[in-house]
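First chain A sits with chain B, and in the next complex the same chain sits with chain C.
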Partner chain A sequence: MCIPEQDSPVWRRLFHAGESGTPWWAHTANAVAALLLISAFFYYCLRQVGYEWNWGPVWVYRQKFVTGWLVTIGISAAALLTSTFIGVATALIRRSRILILHHAGTIYVELIRSTPLLVQILIFFYVIANAAGVQNRYVAGVAILSLFAGAYISEIVRSGIENIAESQLESARAIGLSEAQTYRYVIFPQAIRQVLPPLTGQFVSLIKDSSLLSIIAIEEFTLNAQEVNANTYSGLESYLPLAAGYLLLTLPLSLWTRRLEHRFRYAT
Partner chain B sequence: MQLEIQGLTKRYDGVTVLDEISLEVNDVHCLVFVGPSGGGKTTLLRILAGLERPEAGHVRINGEGLAFDEARLRDHRRQVGTVFQSFNLFPHLSAVENVTLPLVKVHGVAPGVAHDAARELLERFGLGDHMEKKPGQLSGGQRQRVAIVRAVAVKPKVLLFDEPTSALDPEMTAEVLEMIGELRAEGRDLVLVTHQLAFARSVSDHAVFLANGKILDSGPAEDVFGNPGNPASRRFMERVLRFG
Partner chain C sequence: MIAISGCGNREERPLLVGMELAYPPFEMSDESGRPAGVSVDLAHALGRHLQQDVRIENIPFDGLIPALKTGRIDLIISSMTATEERALSVDFSDPYLRTGLAILAGKGRNVAGIEALNRPERTVAVKIGTTSHTYATEHLTQANVLVLNKESACVLEVIQGKADAFLYDQLSTYRNWNRHRNETEALLVPFQEEAWAVAIRKGNDSLRLTVNDFLAAFRKEGGFDRLTEAHLAEMKQAFDELGYPFVF
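Right after this comes the complex of A and B.
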């Protein structure tokens, strides 16, 4: 309460977040404790169902996990680039004064955001990709994922642009910058700072969402794990490595997002 | 500077902010617009800055008529220097980058030359130690002075100030007013919207009193401030000068 921080007893500092900062050891100890508790819960559940571990058969298929994991990285990376491009383009289109572009952008974003990705994958793959003559299912997969993530990214970019204060645009106008120059020298450099954290978050989602591409037989991480599962009649031995593989990709990104959120704060 | 305004009218959503105002001043170096808030003085300045399009009327600055289409307005904006109340600077650029951006990107000055010019100006106005700082690291007064340097650097035919000290505390107000005074002494042409009547009186050679979208008084600064002919402006001056 009114006790100065440095005078409060050690047990208090161990369990409570201080108002003027918490020592690192308190954080570490509590994080480890929380992790142990959660692990204990899972351990208890496994004991209850009497699960019998058998890693042998799955180990034989280890190469399949690695290949799938690499395919997932490849698909995600490609979709990351394409979706960023689509997202920025859509954000600009939606700001366009040409009404049909504005509305086309809005309809695209709303359609994508209001339907499940799984449904989009099926429709895109069996109707649009077929009609367009896209034979390669990996290309189709990257396209679907990019269209999906692009809609969300365009919203992120749009809010980033709209968050630039009106006075900034006014200043840009007053010094005689053209509209293109205003975007290039004033809006984008400032928007990127606001947009980067949610954008990284969106990339985490994108990696996870790529697992749904297994439905159209793209041999990525999830499909391969399912195959191993089917071939070995194993259960958790196939799915735990799957979860770990995704975590390995998404966790660093998530942590990086946090750091970005802290770093990109400046007074205006 | 020579300024000629005829029948200038500006409306926002049906509200008349400037009501057919006309004004002619010749051979003036510092023109001030004063009057109550919402009287139309900022709008008038923004039209002179090429930031607003009036519904009717003509403006000539130094004999050159203002055309109110976007392309020619942008051209006009490049020839004047405008300083706003606050939040002028781009927060992601350092002080010197803020000054060089319009020089390089709008006026086509070579980056090296622009940098030297910017440094010289910043040093002259006591900002030499703050060149590399971002606006967030500067005080309000320093920020506003950098903004003025940015406007001055492009060698505008006229400098326009829209209440440049309204967002500042008294000490910072003083340093900004001092700088405006220096620019005036250098013989630059200024148009100033301000609530700092004492300063306006000392610096200007022509004053215009605006209220309710009309010019109620206009003349040499000594007359407008010292001996207001119009009852409304007399009341305003007496009230503000007494407490200001």
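Right after this comes the complex of A and C.
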């Protein structure tokens, strides 16, 4: 059944996404309705729990939430830079013709991707960092988070590079570009477009994963919320600000990812 | 959710006892993974007293009071100290065990006592939500306090020299020192005395009074001596040798 878009009644345009674009008011109305439905569901759940809310004691500790939130930003930002560097380096190493480098890169990526981050943090901090004499737990925390995210980023970068058609590389060779020049002028400019959206998504994961550093007593957002929880015996009051705090960091990044995906869709 | 709120006959339902099974020999899992220990035996004795089945719910320590408040469990028997702060959130039975906070110090760290730890160059490990965590937050304001989720991690921090000391109760401190005699030393004289009690949802006075009756009767018929013999014989002997009064 095919109804021309323009002739369809208003109620139909309100509920269905049209093929030739949906009016903004339909989007807004439906987004608000979905939000209300989800809020109503949460409200119902909270009512069912029969929980007695007591925000007073948690409010006393508000500074702890802010400090933890800032530490989470700091750790995530540091890990973001380091992991990008590790990721690009590993992607290049895995393309290397020096076999030991190629295999070392592969083993690193597979080890990281096949074990839980929680286990990696414990082993890295209490075994490797201890043996290496790294006493500062924040340095160790950023290092393990970077190693973890770096493995995933290297896969993103690798797929970005490998997506470039073989014919382009042959053309580059044909016009006499060296390997370094090929990377500089042919591969990277195109790969960056491919890589940027999934990379931003990876940073969202990185921010969320940083919460696991709480197990080695790094006083980031999650540990501080847990401490407030323990100090006030509250339970749920600390978790709601915790969720909101992470959303505040990750939602803008997620929305930006969406925009990047849109912008680069037809770029190559 | 509907099932939880809607179920009617409370007598049919087992008594839900919350504890963290990470605190041997009080709360732990045996080789086959079943709950075991002093508190588990105590919970089952309480169940016999109430003529009700008992189900042990394994919940992290800092999640026990929230679980009690939200009705996921009926009471807490988890080596929990009855403190004033906790009493704002839950009601406590009469105390059933007396103990105190002790210090597990790294060997050669020259920890003379709790005052020696309140310095900027000192690092103290505590387990989250425990009374030693509260103590460190309130009294060790100069020291660097590490808050960890697991007792084992706290001990590891001391052994590796990342922390000068780990603050915990006497029995655990003794047990940890016993296992790591080469790396640690124990200061077992308590710097803060405390008593453990059963926690019950606020206002549930009938259950609280029944638990009190049970504890008194259990003590009278020698139940706590049997628990000591079954789980704590070695520790009691060590405490007797050191001249400390035992916990029950």
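Definition applied: the second predicted complex is superposed on the first by the 264 of 268 C-alpha atoms of A that agree within 3 Å, B and C clash if a C-alpha of one lies under 4 Å from a C-alpha of the other, contacts with A are read in each partner's own complex, and residues count from 1 in each chain.
By our rule, a residue touches a chain if its C-beta (ideal position, glycine included) is under 8 Å from a C-beta of that chain, and two chains touch if they have at least 3 such contacts.
Every value quoted in this text rests on a predicted model; they were computed, and no experiment measured them.
Just chain B (first), just chain C (second), both, or neither: which does A:Ser114 touch?
neither
Could you say whether A:Tyr233 touches chain B, chain C, both of them, or neither, answering first, second, both or neither?
After superposition on chain A, A:Tyr233 lies in contact with chain C alone.
Quick one: classify A:Gln63 as touching chain B (first), chain C (second), both or neither.
So A:Gln63 meets neither chain B nor chain C here.
Spell out the residues on chain A that touch chain B in their complex, using ranges where they run on.
165, 167-168, 170-178, 181, 185-186, 189-190, 193, 266-268
Under the definition above, what is the set of chain C residues touching chain A in their complex?
By the definition above, chain C touches chain A via 1-2, 4-5, 62-63, 65-67, 69-71, 85-86, 88-90, 125, 128-129, 133-134, 137, 146-150, 153, 156-157, 160, 162.
Going by the contact rule at the top, pick out the chain A residues touching chain C in the complex.
45, 48-52, 126, 130, 135, 137, 214-217, 219, 223, 226-227, 229-231, 233-236
Over in the complex, which chain B residues touch chain A? Could you list them?
Those in contact with chain A are residues 49, 51, 74-75, 77-78, 82, 84, 86-92, 101-102, 105-106, 134-136, 150-151, 154.
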